[in-house]
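The chains carry the letters A, B and C, assigned in the order they are written, with residues numbered from 1 in each.
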Amino acid sequence: MSDIPLSGQTEAEHLRTLRKKARRRAVLAHRGLIFGLTVVLLVAFVAVFAPLLAPYDPFAQNLSLRLAPPFWHDTASPEHLLGTDQLGRDYLSRLIYGARISMGIGFGAILISGLIGCTLGLLAGYFGGKVDAVISTIITVRLSMPIILIALAVVAVAGASLKIVIAVIGLLLWDQFAVVTRTATLQVRSLEYIRSAQAIGCSLSHILIREILPNIRAPVIVVATVELAHAILLEAALSFLGLGVQAPLPSWGLMLSEAKTFMFFSPWIITLPGVCLFILTLAINLLGDGLRDVTARGK
Amino acid sequence: MTLLSVKNLRVNLRTDAGRLRAVRGVDISVERGQTLCLVGESGCGKSMAALAMLGLLPPSAEWSADEMKLDGVSLLNAGQSTLSNIRGNRVSMIFQEPMTALNPTFTIRDQLCGVYRRHKGGNRAQARERAIYLLERVGISNARNRLDQYPHELSGGLRQRVLIAMALMCEPELIICDEPTTALDVTTQAQILVLLAELREELGMGMIFITHDLGVVSRIGDHINVMYAGRVVESGTRDAVLGCASHPYTQGLLRSVPRPGVNGLQSRLGTIPGTVPSFYQADPLCPFRGRCERKLPICASQAPPVRSGAGHHSALCHNTEISSIAGNSA
Amino acid sequence: MLEFTLKRLGLGVLVILIISVITFILSHVAIDPALGLSGDSATAEDIEAIRQRYGFDRPLMLQYFDYMGRLLQGDLGQSYLSGRPVSELLAERFPDTALLAVLSIGFAMIVAIPLGVIAALKPNTLVDRAALFIAVCGQAIPNFWAGLLLILLFGIYLQWLPISGSTSFVHFIMPAIALGSYAMPALMRLVRAGMVEVLRSDYIRTARAMGVRRRTILFKYGLRNAILPVISLIAVQFGFMLGGSIVIESIFAINGIGYLAWQSMSRADMPVIQAIVLIISMIYVVLTLAADLLNSLMDPRIRINR
């Protein structure tokens, strides 16, 4: 069959342009992905360099200048861009340090939960049978427990500290990691290259970590973003209830809780930490949605 | 009067890569009591043409036509509600996927009677009687009990019969069958074909039969439109098109049909090399020239002429040499 | 069908048993129950006496079986703080929480289902994007913050609604919106995805080809098929609501289970916490079981195959 050039595109040509277009659009024109990534990186930057960025010591009280409003008010104090809280602490500095708490707890927790969840999911998906039945039951048990109540109960028993909060959240949020890893592992385990790895006698850990894990990383990363947002909101809720991060640490949730008595006269005092939480969570969710769209398109 | 007459039908699909020209100027004409077969490979636009006639195109599609008349009444500017009143009532359609074309959460009775009562009104008992009559007519035994079954309890052949019964609930004047037998096994296929031919005869309906299978065409077609890449490349009566195929594409299709005694076990079945091209720009040249074994230099520079012969037989080609085509050649 | 029901029931019982062990460990191992029971002013001898009297010095297995035995008779123990039976406390508080959860789910459904259907009808249009935007935002708003903002807006500025308490129906409006807005996005996405899939299906094309009216297609054919997975999600979300209502109840001072849990947490009143966790888990298990069964009743394919 000779190749006569046609003015109508051939199927192969058409598919190529399609794929090229899809890839370009997926990465660049995904506004949610770009926005999410930018904000998350920005907050991470702020969290890391908090001591350099914060204009004041977040713990330094100035009782003569309490509840100073932020810059858009007429009576704003020129020294404090976002005003001061009920103890006269610089609100901007506390919000900046708050990013540290949120990101630190968020990443710490998903590191733990990711490790637990992926291990369980890999084992369940790879071995199937009884191992799968046992792990699936564990997952069901975890799903049946009310997260926030369990977290509160454990914190109430073990005492509230940063480490405990990270550990509790990490130990509770692994279920989605396990579910997704299990499903993804089930899909790849019978593939040719896994069979050949088994045939040449690779060790179990080698197969699980070197062969399977890299191939299921896309869905795991998407879950990680969802759970990061989840962990940050959970920490805020625990702190809000007084059983999370303890004063005087500047957690956004705790700031909301401390400020709620004053919100009737100074509404901005609950607006600012809430907006921070909202934007960070929104950005992480958009990043996750974007990653899901892009990786799903690639397949 | 011609039952359905469509002139210069065009359908474009909006895709990521631009406007895909799926149907590029197709004429269709069906008489009462006759069957028109639309024949072609998958992707040639035959299903899109049928969907356009019923206003069932997907939202990503746009269409236009110079004329579209049902029984002399133009449907060009008909709104969705007018079309909706016609669909299932005066014009019905049967699709190729009997396994998925019935709603899984409703019983056969709900689905059959729903159509009847939508268009004809009437009470439950009348609708039920009609449903039982038709189920029996399409060859379903024990029709009364079948009524209360769900689609997933029936085999593919039975489901297709149910779909045919559903299409006939309101005694349509025209029935469009989109590869209704493709998903079925060979025996069932034959039974359904016989049934459709009988029903058309009995009810005096017009029928448009969409298929890629020339064997099916030779059994039930009165007229044939051979479609390629969104255009009709040859049309005429069954005997003219199948007996004196004059377009190289039709000839290629005919060579690819296994015939006992003609292609023995030793001889190879004919194939047409290459695939159907997709068009994103207007292109008046012959769409088949890339795969044609009789192409001339002129094929790459000039649009193919319509060569017509006796009995409305016509073909879109520069290089035809079949005797049934008389005169008109440049 | 029967086999499926029994299997799911068995799993449910197993799950409850495991959770009871976990809560038992939390209340008897992680913390010394005698210490909790004796109060702050007790001497070492008092505590030892309590330990012996209540049998806290016996092997844990024995204590667990003892605990389970009493549990099966409906005895959930006594509150360390008030000394009242836990079952009594729960019965008092449960209606408010249940009402809040039902209203929240109701709010979420009222917003999510129409929004999801509209978005599905016009995929990738402005309407669809707007619905998606609402969903994404709803997911990102911490519900306690939403609660505070609602109080500011409707309670303080507009003065339309009471800001705390649970004495009348209007008291529940803001809490239900705050709590429901968290469940709404997931519901909306599921309704939208389900509708898009159903509307694209062959049987909807058949229905259209038979001239079935648009609204019949949408509401009778489309929604019925799209709603099946939504039922499961609603059951799951209802469980979350019961657990998540703790934050909302504490903000709006609703005298429900969540508020009780919060009060008990801050003073380590373990029998109450233990009972609440167990009850909520049980409700969750029962709800998911019910949703599975309901699904199989509504979807004839599942009904037959199982």
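Everything below uses one rule, namely that a contact is a pair of C-beta atoms (placed from the backbone, for glycine too) under 8 Å apart; a residue touches a chain by one contact, two chains touch by 3 or more.
Here the structure is a predicted model, which is why all the values come from computation and not from measurement.
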| item | value |
| --- | --- |
| Chain contact graph, described as a line, ring, star, complete graph or other shape | complete |
| Pair exhibiting more inter-chain C-beta contacts, B-C or A-B | B-C |
| Distance from chain C to chain A - Cα centre to Cα centre, in angstrom | 23 |
| Where chain A and chain B are represented by their mean Cα positions, the distance between them in whole Å | 53 |
| Contact set on chain C toward chain A in their complex | 11, 14-16, 18-19, 22, 26, 30-31, 136-137, 139-142, 144-145, 148-149, 151-152, 156, 236, 239-240, 242-244, 246-247, 250-251, 261-262, 265-266, 268, 270, 273-274, 276-277, 280-281, 284-285, 288 |
| Of chain B, residues touching chain C in the complex | 54, 56, 80, 84-89, 92-93, 95, 97, 100-106, 114-115, 118-119, 150, 152-153, 163, 166-167, 169 |
| For the chain C and chain B complex, residues of the former touching the latter | 201-214, 216, 221, 224-225, 298-301, 304 |
| Residue numbers on chain A that touch chain B, as the complex places them | 1, 4, 6-11, 14, 17-18, 21-22 |
| Residue ranges of chain A touching chain C (in the complex, touch as defined) | 32, 137, 140-141, 143-150, 152-158, 229, 233, 236-237, 240-243, 253, 256, 260, 263-264, 267, 270-271, 273-274, 277-279, 281-282, 285-286, 289 |
